[in-house]
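Look for subunit A in each of the two complexes below; its partner is subunit B in the first and subunit C in the second.
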Partner chain A sequence: MTENLTTTVSSKSQTVEISRNLPTVIIGERINPTGRKKLQAALEENNFTIVRQDALDQVAAGATILDVNAGIPDGDEPVLLKEAVRIVMEATDVPLCIDTADPDALSAALSIYEGKALVNSVNGEERSLGEMLPLVKEYGAAVIGLCMDDDGIPESPEKRLTVAAKIIERASKLGIGPEDIVIDPLVLTMGADHNAGRITLETTELVVKEFGVNITMGASNVSFGLPDRMHINAAFMAMAIHAGLTCPITNPLVTELTTAVLAADLAMGRDEWGTRWIEAFRSREKSD
Partner chain B sequence: MSEVLTSISNAIIQGKKDDIGELTQKALDEGQSAQDILYKGLMPGMDHVSDKFKAGDMFVPEVMRSARSMANSMKILKPLLIETGVAMIGKVLLGTVKGDLHDIGKNLVGMMCEGAGFEVKDLGISVEPEAFVEAVKEFEPDIVGMSALLTTTMRSMGDTIKALEEAGVRDRVKVMIGGAPVNQSFADKIGADAYAPDAAAASDVAKKLVKKS
Partner chain C sequence: MTENLTTTVSSKSQTVEISRNLPTVIIGERINPTGRKKLQAALEENNFTIVRQDALDQVAAGATILDVNAGIPDGDEPVLLKEAVRIVMEATDVPLCIDTADPDALSAALSIYEGKALVNSVNGEERSLGEMLPLVKEYGAAVIGLCMDDDGIPESPEKRLTVAAKIIERASKLGIGPEDIVIDPLVLTMGADHNAGRITLETTELVVKEFGVNITMGASNVSFGLPDRMHINAAFMAMAIHAGLTCPITNPLVTELTTAVLAADLAMGRDEWGTRWIEAFRSREKSD
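Right after this comes the complex of A and B.
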């Protein structure tokens, strides 16, 4: 078993450590216009009120890092992303996960970011590795690597491991260490293929065993097309944490999910005296 | 209606993909035509599935099983339909646009359209505009269906329509789009002929489009 690595990200005033020896870190996913028509419309009008409110709400709900995505059709992504990052930095103290596939937008956002950002994301495609990784290096950021490449998303855990290995190797050549790489094994929906969840869990185990790196995923996709999604998402979240997931990108406003994360942390021996679990219980009681 | 056609409809609804081949053969042996099996057995079954899915009473895995059942029956019927010159109701060319790898919604659209009696050709994911153009020339579809799940890739839909125009084939097809980030006003903006909010709606829209043309 490879040693568990610690990924450190920071804002101007806060440092967050991600590790399998520490409680799970929730990366709040809400600041993303994909599938959120109101946010999309607001960004089209350069209105960042929702972005600001989403930032505040998610931190209040327990997000320790916030994902920021400002990709809208026909939008000027470098300008929008930079402004969204600025607004969120102003509103909260948490470190940010800068979410874009556009090198210009990434560069614009990183240029004003104060601290060590997490970049979301690179993948195994040549274009992505060639254009995005040098920026990650230049700004001293950490980066999420998606287990897909020019041929799409591999079906088997072994092939996804190969893509993870390629990303880690290419980063290392630029001087980015594995502690600054967070691998996303990718989650497809079990609604379309009942093996999708198992493949993700096995990929996670393989990557952790081989490299000891931190693991992220957008875990809610797993239940798409199925009824009663929340129960699936909560169970899958706990299982993924057992497999090695350390920083899920998810919606912290959904109590079922945050509760599953806390329960999993408790079961993994990462919540001494059950303090966090009990605290969360009391705060739920109070809000009822 | 004949008992065996009703059983075929029910087998589609219940997703009995392993039994439907036998049922199809039985229907043929009883003297049912391939056309009647398709139009009075398979399609009413898929219509029911489509309605239930739209209403939220059936779920993606069930729809996929029904579609697989339909495909298993069509394997037997297709050569017979071609032999007797029975036309499908139209041809649909499908693809997820360039840069986008999401395929569940697009696959469901394909299944629903097949269930509605279309011949479907699926170009897969991250399809370049030029690939759509080539396929339009070759496959000669009535409808081109494009899917995108990302706000960053939906613009490829407009690029594809432009490519169809530049190649001089835009008038030969109706263009239908769908996917989480798109809507009717986006469809209007890029000059698509129709927008479908979900897979079940897509097959209805497709039916309307071929009626119009």
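Right after this comes the complex of A and C.
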């Protein structure tokens, strides 16, 4: 087993460490107009009220990093993303995960970001590696690497590992160390392929064993198209944490998911005396 | 990784295979007077009505093996266990897990058992190995081996592995193959030691990697003394299945636990097209 690496990200006033020796870090996923018509409409009118409220709500619910995505059809993404990042920096103290596939938008957002951001994301495509990684290096950020490349998402864990290896190698050539790479093994839905969850879990284990890097994923996708998604998501989250997941991108407002994360941390010995578990239980009791 | 072994147990009419390539097998834990005053009082009066009903209820709820324990203070265990086994064999078709530390009771129960039983349990103590293993061999049973010995329950996963190795080796000398040994890594409560869950998960992984044997545990104990035990138990169950657990001893009447088992099987790719998940969901909907 390779040594577990620590990824450090920061805002102006807060530093967050991601590591398998520490409790799981929740990256709040809500600030993303994909599939959220109200947020999309607001961004079209340069209205960032929802963005601000989403930031506050997610931090209150336990998110320790916030993902910020401002991609809308025909939107001026560099302008929108930069403004969204500015609004969220004003509203909260947590480090941000800047979510775009557009190098111009990334550059605009990083240019005003105060601290060490997490960039979401690069993948194994030549274009992504060539255009995005230099910006990650220039601004001293950390970066999420998706296990897909010009040929799409590989089916087997071994091939996804190969893509992760390519991203880590290319980053290394630019002077970005593996401690600043967070790999996303990618989660397809078991509603379409009942092996999808297994493939993600196995990829996670392979990548962790080989490189010791931190792991993120948007775990809820695994249950798309199946009934009783919440119980699948909770079990899969716990299993993914056991496999090596350290910073899921998820909705911290869904109590069942944050509870599964806390239970998994407890079972991994990362909750001394069960303090976090007991505190969260008391907080849930109060809000009932 | 060692090859995954298949443990086969049977009743007169049913064969159950336990393997990491198949869905998780639930061993129903209810027929056990420990901590159940009504059942204990009934057994004191040679009344097996509850035993019979527990058998029927657990099979209806999805147990595919039933644990049968008839140990009560000052009870004639050989007589009681033999009768309990007879009653359960009459009431259901599932294979049984004969649960006793008393060689006389084990011998009495095995002498009338029709099929290949699972014996619960031996441990690494010289007395247990010397008195119980020969009976397992004589009756051609499979056996659960607990990771404890004359010095108690070892704290570290490595030492628990050593006990498992000792049991497997001693069994082998009698001609009992590793496919007929199911190891219980033992689960202490995280209410007393927040590393208890981690130690059990790590022991499971070590034993699976080294021997490929099947794994059982009484997983619910992990949350004793903590609040909201159900969410801990569900997450831990899913994580333990990911670590290598194949036949938990648990209460199949607790829907949250059986649902976690089904979700974990789905995430491990052991539920083709999600058929079992969808069927169980429909059945839960009907019973609501």
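Heads up, the rule we're going with is that the second predicted complex is superposed on the first by the 288 of 288 C-alpha atoms of A that agree within 3 Å, B and C clash if a C-alpha of one lies under 4 Å from a C-alpha of the other, contacts with A are read in each partner's own complex, and residues count from 1 in each chain.
The criterion applied here is as follows: a contact is a pair of C-beta atoms (placed from the backbone, for glycine too) under 8 Å apart; a residue touches a chain by one contact, two chains touch by 3 or more.
Since this is a predicted model, take the numbers as computed values, not measurements.
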| item | value |
| --- | --- |
| Fit-or-clash call for subunit B and subunit C when the two complexes are aligned on subunit A | fit |
| Which superposed partner A:174 touches (first subunit B, second subunit C, both, neither) | neither |
| Touching partner for A:224 - first (subunit B), second (subunit C), both, neither | first |
| Subunit B versus subunit C as contact partner of A:33, first or second or both or neither | first |
| Contacts of A:148 with subunit B and subunit C, given as first, second, both or neither | first |
| Touched partner set for A:189, first subunit B, second subunit C, both or neither | first |
| Partner chain(s) touched by A:73 [first = subunit B, second = subunit C, both, neither] | first |
| Greater residue coverage of subunit A in the superposed arrangement, subunit B or subunit C | C |
| Vertex subunit A, arms to subunit B and subunit C (CA centres, degrees, nearest 10) | 80 |
| Partner chain in contact with A:234 - subunit B first, subunit C second, else both or neither | second |
| Partner chain(s) touched by A:272 [first = subunit B, second = subunit C, both, neither] | second |
| First (subunit B), second (subunit C), both or neither touched by A:41 | neither |
| Nearest-approach distance, in Å, of subunit C Cα atoms to those of subunit B in the combined model | 6 |
| Subunit A residues contacted in one complex by subunit B, in the other by subunit C | 191, 194, 226-227 |
| Residue numbers on subunit C that touch subunit A, as the complex places them | 190-191, 194-195, 197-199, 201, 222, 226-228, 231-232, 234-236, 238-239, 241-243, 259-260, 263-264, 266-269, 271-274, 277-278, 281, 284 |
| Subunit A residues within the subunit B interface of the complex | 33-35, 37, 40, 71-74, 77, 101-102, 148, 152-153, 189, 191-192, 194, 224-227 |
| Subunit B residues touching subunit A - in the complex, by the definition given at the top | 59-61, 64, 101, 104, 107, 125-126, 149-152, 154-155, 180-181, 183, 186 |
